Amino acid sequence: MEESRLRELLEEVRAGDRAIDDAVAALRSLPHTDLGFAKVDHHRRLRCGFAEVVYCPGKTPEDAARIAVEILSGSDTLLMTRATTEIVTAVQDSVPDVEYHERARCLTVRRGERAPPCGSVAIVSAGTSDLPVAEEARITAEIMGAAVETSYDVGVAGLHRLLDRVESLRGARAVVVVAGMEGALPSVVGGLVDAPVIAVPTSVGYGASFGGLAALLGMLNSCAAGVSVVNIDNGFGAGYLAALINAPADD
Amino acid sequence: MEESRLRELLEEVRAGDRAIDDAVAALRSLPHTDLGFAKVDHHRRLRCGFAEVVYCPGKTPEDAARIAVEILSGSDTLLMTRATTEIVTAVQDSVPDVEYHERARCLTVRRGERAPPCGSVAIVSAGTSDLPVAEEARITAEIMGAAVETSYDVGVAGLHRLLDRVESLRGARAVVVVAGMEGALPSVVGGLVDAPVIAVPTSVGYGASFGGLAALLGMLNSCAAGVSVVNIDNGFGAGYLAALINAPADD
Amino acid sequence: MEESRLRELLEEVRAGDRAIDDAVAALRSLPHTDLGFAKVDHHRRLRCGFAEVVYCPGKTPEDAARIAVEILSGSDTLLMTRATTEIVTAVQDSVPDVEYHERARCLTVRRGERAPPCGSVAIVSAGTSDLPVAEEARITAEIMGAAVETSYDVGVAGLHRLLDRVESLRGARAVVVVAGMEGALPSVVGGLVDAPVIAVPTSVGYGASFGGLAALLGMLNSCAAGVSVVNIDNGFGAGYLAALINAPADD
Amino acid sequence: MEESRLRELLEEVRAGDRAIDDAVAALRSLPHTDLGFAKVDHHRRLRCGFAEVVYCPGKTPEDAARIAVEILSGSDTLLMTRATTEIVTAVQDSVPDVEYHERARCLTVRRGERAPPCGSVAIVSAGTSDLPVAEEARITAEIMGAAVETSYDVGVAGLHRLLDRVESLRGARAVVVVAGMEGALPSVVGGLVDAPVIAVPTSVGYGASFGGLAALLGMLNSCAAGVSVVNIDNGFGAGYLAALINAPADD
Amino acid sequence: MEESRLRELLEEVRAGDRAIDDAVAALRSLPHTDLGFAKVDHHRRLRCGFAEVVYCPGKTPEDAARIAVEILSGSDTLLMTRATTEIVTAVQDSVPDVEYHERARCLTVRRGERAPPCGSVAIVSAGTSDLPVAEEARITAEIMGAAVETSYDVGVAGLHRLLDRVESLRGARAVVVVAGMEGALPSVVGGLVDAPVIAVPTSVGYGASFGGLAALLGMLNSCAAGVSVVNIDNGFGAGYLAALINAPADD
Amino acid sequence: MEESRLRELLEEVRAGDRAIDDAVAALRSLPHTDLGFAKVDHHRRLRCGFAEVVYCPGKTPEDAARIAVEILSGSDTLLMTRATTEIVTAVQDSVPDVEYHERARCLTVRRGERAPPCGSVAIVSAGTSDLPVAEEARITAEIMGAAVETSYDVGVAGLHRLLDRVESLRGARAVVVVAGMEGALPSVVGGLVDAPVIAVPTSVGYGASFGGLAALLGMLNSCAAGVSVVNIDNGFGAGYLAALINAPADD
Amino acid sequence: MEESRLRELLEEVRAGDRAIDDAVAALRSLPHTDLGFAKVDHHRRLRCGFAEVVYCPGKTPEDAARIAVEILSGSDTLLMTRATTEIVTAVQDSVPDVEYHERARCLTVRRGERAPPCGSVAIVSAGTSDLPVAEEARITAEIMGAAVETSYDVGVAGLHRLLDRVESLRGARAVVVVAGMEGALPSVVGGLVDAPVIAVPTSVGYGASFGGLAALLGMLNSCAAGVSVVNIDNGFGAGYLAALINAPADD
Amino acid sequence: MEESRLRELLEEVRAGDRAIDDAVAALRSLPHTDLGFAKVDHHRRLRCGFAEVVYCPGKTPEDAARIAVEILSGSDTLLMTRATTEIVTAVQDSVPDVEYHERARCLTVRRGERAPPCGSVAIVSAGTSDLPVAEEARITAEIMGAAVETSYDVGVAGLHRLLDRVESLRGARAVVVVAGMEGALPSVVGGLVDAPVIAVPTSVGYGASFGGLAALLGMLNSCAAGVSVVNIDNGFGAGYLAALINAPADD
């Protein structure tokens, strides 16, 4: 909005030629005005419930505990990811009703009455070493209100275990597939279901897995349509995205 | 093969209406028949419409045209991606009602009556060089039944152009963001909307863009939640995934 | 600015309790209002002169020519980089007073009276193959108003050629150093001068130069302080940045 | 030089039938003579038949044709890989009974009576674009005497096509699996059969496939045991190795 | 499920001896039942003996010990790879007759009468630092029933040591070659023998060996035919594959 | 200077035809003569103040302390970067007036009267984990005499926080932008200001951030002009360069 | 040399206390004085003969021809590397006695009487595709005065061919080893001779050779001592270095 | 086996003084015996003195000490590189006259009378952090008989320090240049001297130095002729090679 237009509009207001409501509407569409409360008043997210999230690495136990208390003063839910033992202890001291998910390395708080879980998110993982990442995805999707069903340890080298789960996978609105090593599982799952597949490469593997790079490249090059990829070991990102997709549209 | 069909077949056997040899033959093909039907009879996909897709590279013009004719004998819609000039000509000769989308390098056919586009997919691109990929995403999402709104040329170096489009982006059920160079746009968009963001790195750039690697890594490391990534230049994959997310759930 | 504050302000305007000038000032500081003309009204840039820039790759000759004409309808200067022979011809047809810099692959237009070049930018290059990139930097810096002095073909394997130029380099406010192969020159120059050094790796080299990656990494790891790096072959970026540094501060 | 020849020579020396100078000359060439014979008199290879191989790239058509003629003066079989159109024509002019395998880009000659193919090698490929590499493997294995069965276009995104072929794969002594993109197929096949699996990554794919690197890494990190990998697009190497494994041991 | 079983089941249905519900249940589980039997009833593997394998990393000592006990309740043999000291102790407590191979970091159990080792696998290593990987290959091949002969410390920089072993290598049905640094040994061995060569790159080396990447690339690019490659440090994979190749075909 | 010229000059001196002052001036311009005190007598640097810098890694605490004392015997200012706890203690013992900046891991000494800070450098960082690098840049720029204003925690995923700071950023002569993960911030800042932007990638991130490589590539490929890049985590280099740019030119 | 010392010296000259010859000697040792003619008057190089070298890529045929003529006006020898057909023609037109080495892509001129070749350089190559690089090394070493003996096509997969050449290699003062693919040859040669080995990786290979990277890494990680490496395909660099090593020391 | 020995043996056979069985046995071992002698009886190496070398990493202290004692039973000199504190102690216990070079992390033993150092090797390093590698090179070259002169801490950012050393460098027969970060020093030295330059990249640096990769690539792409490169941090390799070049030829 250029200054001349602005000045003109204000003069119309002063002259009584333009109603204040009308001027407010015009000025409201200034983008930044929106920016301040954008995320808060959005319907979809509100409907399914949504937690504040704290990524723990790089924070001292004291900081982590203080942030937890602060958030809970204004929110009924809290999710803390990648919590170290020290952080777990510090938060437990300050927030007695915090729940610790050891395998997922997550802390959660859910207070007050909660809407029942909605929709259906499937979380699939290839090997037992992929569990921490898969569980981080599960905890994240659940605290965002999604109903989650898990199919763990169904890697492609033993295909029958996966085929046993196909019926269950087909009911999901979003499927998170967690795999390390060659990262082939999302391609196979993507060929069996037609819900969106969110692939999570893990750093599980050795030698030429290069910390998850092999799985990451494999997933990006998936021959199955409907597959997209998040960062290596990013269970939180996958669970968050799955919950977004799963949430009922508000139209 | 659905359970009802299986039960029916067994009853025919019991009743002596079907020879055992015949039943064996029918059952032998069971696993793949089951799999083969999977995608066809699934409700969600049917509801919004869905096209057969041909990826052209590596096919001769004659092959491409023959495949097009073959598919259209059993389908009302067809999408061919990455079509070369030679393929376009060959297909146009065989399929007079084919539509050519030059910028997107796609060919489409839509016959019969079509349901009105449903939902809302936003497609955002950073620079003019990203247009072919963005258009491929648009054509793909549209032929799968999605209503699409585009916001092109809104790269982060001129932020106001993007901010002007925020209102429009916020209404979408899925947002495809196409960007080359540093690939920063999905992060910025991801912070402004809360629909799922599908990031498409493009090979646009020079020097240390390394054919899109810089954009790809940037997008995988996005600091915004709700962002996932498809392969470099994979507009089709992004459009397909967006249409899947956009399609109304069938529960 | 929240709506209540906005409404209040408008009511003060209507009531005559707040001068329009005052209201304009308040509303002006809404970030986005600025965004629209941010770059245009800024003092430093205006003082030294500044050209619109067109990056040619990916544009058709016709598009390029049309854009050139369009820009020149509102600007006295124009810079087009990476122009192909076809684009050069097309632009020359539409803009008779365009100047073609063959080695730099640039087209420029300068109309009207120009302020004399200000400050001092030095452009240094290692080998003759680095010349196109160095020249692109020179043309860019000059059209942005900088006085430029060049020292070409002074690679580190013949150190005396560089040492002969030291006196000249020491007078510069910014030094652009263009080099391929091992990219050692910016480190050596950085140790001889104390102006900011902008290093430009070039894709000159073979074998393990990997398209300029060797030079890029060398420059990023420079042992000399005061060195920063732009993208491979990005002469424009370096010239632009040098001109920014060179421009007199406006305080 | 075999021990019997050596003993004979020494006896000639002792008997005075051979001058010492002459014996010295014969013995001087000993090491390489020994090595030279090595491959020729080995039983396993001889039993199944074995062709001389020419890798065409980098050879002129004339050179290629001359080499072909030369080899055939001492051998009943010949395999030429990666033959260009020019080389095909030149060899066909010189060797009228040469057979050209267009898709595999190979030329073969088989003269005289041949033993019937022995054993069983399976060659599996993921997509139609992988065919040239798969066919190169087939031609190679066959000319080395193996009976080959192919299963093409059975990529993991349509699992039922692969499952249909399982019975056939299970009979093989060695399985060559050719795949591009994410390279997941060898892992899935490796979980279904227990013959050795030779994985061949292809350069098929785009974007972050990086010329076959994604498939290569995927295969090296296969979660299935019994899988080893050859170079990208190296159909010849895989076919050769499969034929070696397939050949009956000579003990 | 084999055809005979299927036919029998259908006849029971026709005869009224089996309720339809029961038949449906049996047929529903068809695909994976089929898959489940695959590995167990296969002849080749059974003939030479075969052990269950546990990959220890990521398992707690307690888990590892419990898994060991569980497997041994149904199997006479067990192989545990990459065992840490803690795991070794825990397993030794629970399984008194476990054997610990320190250099190979493996645990094995062999109970009951065992068939004599069959065939011949050669394991070759370049330097003393490659021994742990070579020994892991040896232990694996041996517990799968192969007769193994080792040639350690025969790197290419001292060629005579390798040439001394040629005679021995030529008798093998499969040769595992373990090498770090430049990974040249498989190429040299591949030129001396005509058995299949399984190359194992190790992470031995420093500087630009990049954790075994140099050896890996070297082996993939071997100029000798008949060489394939497994993952870096993957002695288990190589030994497993060598034992598969070594096992007599069952036709 | 060639020998003949040198000899001639000396003869003029001997003959009294050339004053010694004049000869000294001629000989002074021998490059290397300059080299010795080049950096010391340069005007621009002197005007704003400048500290000796010690990069601590690889130094023992004793060495570090001894070097600190030595430098302070001839300088009023000192900057030590990347100081470990041990080094901090050792230096504090020897230099009681040393100041320790914990977050920046820097030690500084400023003695005597100091000129007031000049110009204006802005330091912007994306996330809280980027703070150590941003603080290292701040300390460096300040001890070199620059007035610094910081805008921390203004990452692109929450754009309004950055937009709130635009006014402040626009006043700066140089802007340092510190960011990890996808490294998008410098592009966005570069589009909002027209001062030179020095981008500092940090190693903050996980998975495919590859120790800061993703951010580095993103910044090098910035779509905004006026951006250059220093090494990963190199806060010192960025602060140093910003201070150079900020220092008033001496012409 | 500090100013005070300089002034003192000049005063001694004026006073006649120091002979001009003596002063010249003192001033001569100012480094830069040397720099101008450093390479020309050095003994070792002069003794064996030495040619000016022109690297052709990036030069127009006219430029190349003009440079050739210019150099030959002051030199009896000339070497031009990587000459294209166009450059060859242009130079032949201007320099009738130029010699063209087609395989090596080099042009040479040798005029006047030449000293007989001295010392002994061996040049070894692995495959026929490595010949252009090997020949470039040979031409370079020869024009610098070295006696060269070549051993081509002696790759490690056929070891006996190399062993046949050992005697010849052992007489060399420097051995250049040229190899692509896995780059194993320098390690094997390095174990057989004790002259310095200069390894030249070539871009020969396919798939995971990555343009010579595999060979380069292999050579850098050579397990044989006495091996150093030059850039991929850099036959000139290797030949030049071999000639330097081969030249008799002048003490 | 030299020809004279061979002739003698044959004459014994002819004379009946040696049984044929015995001669066969002697001749069978011919190739490797020949190889075994190779390094021992070679003149050049013997003339300058040469030590056995032990690379310590991966060896237990006991092993290291036992190997040291064993070697010294047959050799007057010993070099052990990369010795840990534990190994140093263990060897000192077993070999009282061992000398420990702390910075170089080397152990040496020199017994008996030694020839005076011959020739001249220069060792140059860029920064203080490069010292351990430079010292390893020095110790290695010295124990192999070379006279060594060092120029440490002469990095390119302070060019005058290097220029001060030029005279000294020019006298050397081989120059080892050790540098980390951007690795520019060998290029600059290569332009100043004409002895062979052996470049040693070090892993010194941070961020985008990628463990020495930046320096390695820089050195491989050196614009100066006469430069070759050894592995990252491979001081031993460089010192060894320099000593080989330095040793007087034996013709």
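When the chains are written out, they are named A, B, C, D, E, F, G and H in that same order, and each has its own residue count from 1.
The rule is short, and it goes like this: a contact is a pair of C-beta atoms (placed from the backbone, for glycine too) under 8 Å apart; a residue touches a chain by one contact, two chains touch by 3 or more.
Not measured: the values here are computed from a predicted model.
Novice: Name the pair in A-C, A-B or C-H that forms the same interface as C-F; by residue number, over half of the contact pairs must coincide.
Specialist: A-B
Novice: Determine the centre-to-centre distance between subunit D and subunit F, using the mean Cα coordinates as centres, and give it in whole Å.
Specialist: 60
Novice: Quick check: how many Å separate the C-alpha centres of subunit G and subunit H?
Specialist: It comes to 23 Å between the two C-alpha centres.
Novice: Could you grab the centroid distance between subunit B and subunit F? Build each centroid from C-alpha atoms only and quote it in angstrom.
Specialist: Centres of subunit B and subunit F (C-alpha means) sit 50 Å apart.
Novice: Can you give the whole-Å distance between the Cα centres of subunit F and subunit G?
Specialist: Taking the average C-alpha coordinate of subunit F and of subunit G, the gap between them is 41 Å.
Novice: Among all residues of subunit D, which ones touch two or more of the remaining chains?
Specialist: As it turns out, subunit D has residues touching two or more other chains at 31, 34-35, 158-159, 163, 192, 207-209, 213, 216, 220-221, 225, 231-232.
Novice: Considering every pair of chains, which are in touch?
Specialist: By the stated definition, chains touch in these pairs: A-B, A-C, A-D, A-E, A-F, B-C, B-D, B-E, B-F, C-F, C-G, C-H, D-E, D-G, D-H, E-G, E-H, F-G, F-H, G-H.
Novice: Which residues of subunit A touch subunit C in their complex?
Specialist: Counting only subunit A, the residues touching subunit C are 1-3, 6-7, 10-11, 13-14, 16, 20, 23-24, 27-28, 30-33, 36.
Novice: Okay, in this complex, where on subunit E does subunit H touch?
Specialist: For subunit E paired with subunit H, touching residues are 128-129, 159-161, 163-164, 204, 206-209.
Novice: Sort out for me which residues of subunit A touch subunit B in the complex.
Specialist: 29, 31-32, 34-35, 38-39, 42, 44-45, 53, 119-120, 170, 173, 192, 194-196, 198, 216, 220-221, 225-232, 236-238, 240-241, 244-245, 248-249, 251
Novice: Touching residues of subunit H toward subunit C in the complex: what are they?
Specialist: Going by the criterion above, the answer is residues 126-127, 155-159, 181-184, 187-188, 190-192, 205, 207-210, 213-215, 217-225.
Novice: Which part of subunit G faces subunit C closely enough to touch in the complex?
Specialist: On the subunit G side, the touching residues are 32, 35-36, 38, 57-59, 201, 203, 212-213, 216, 231-234.
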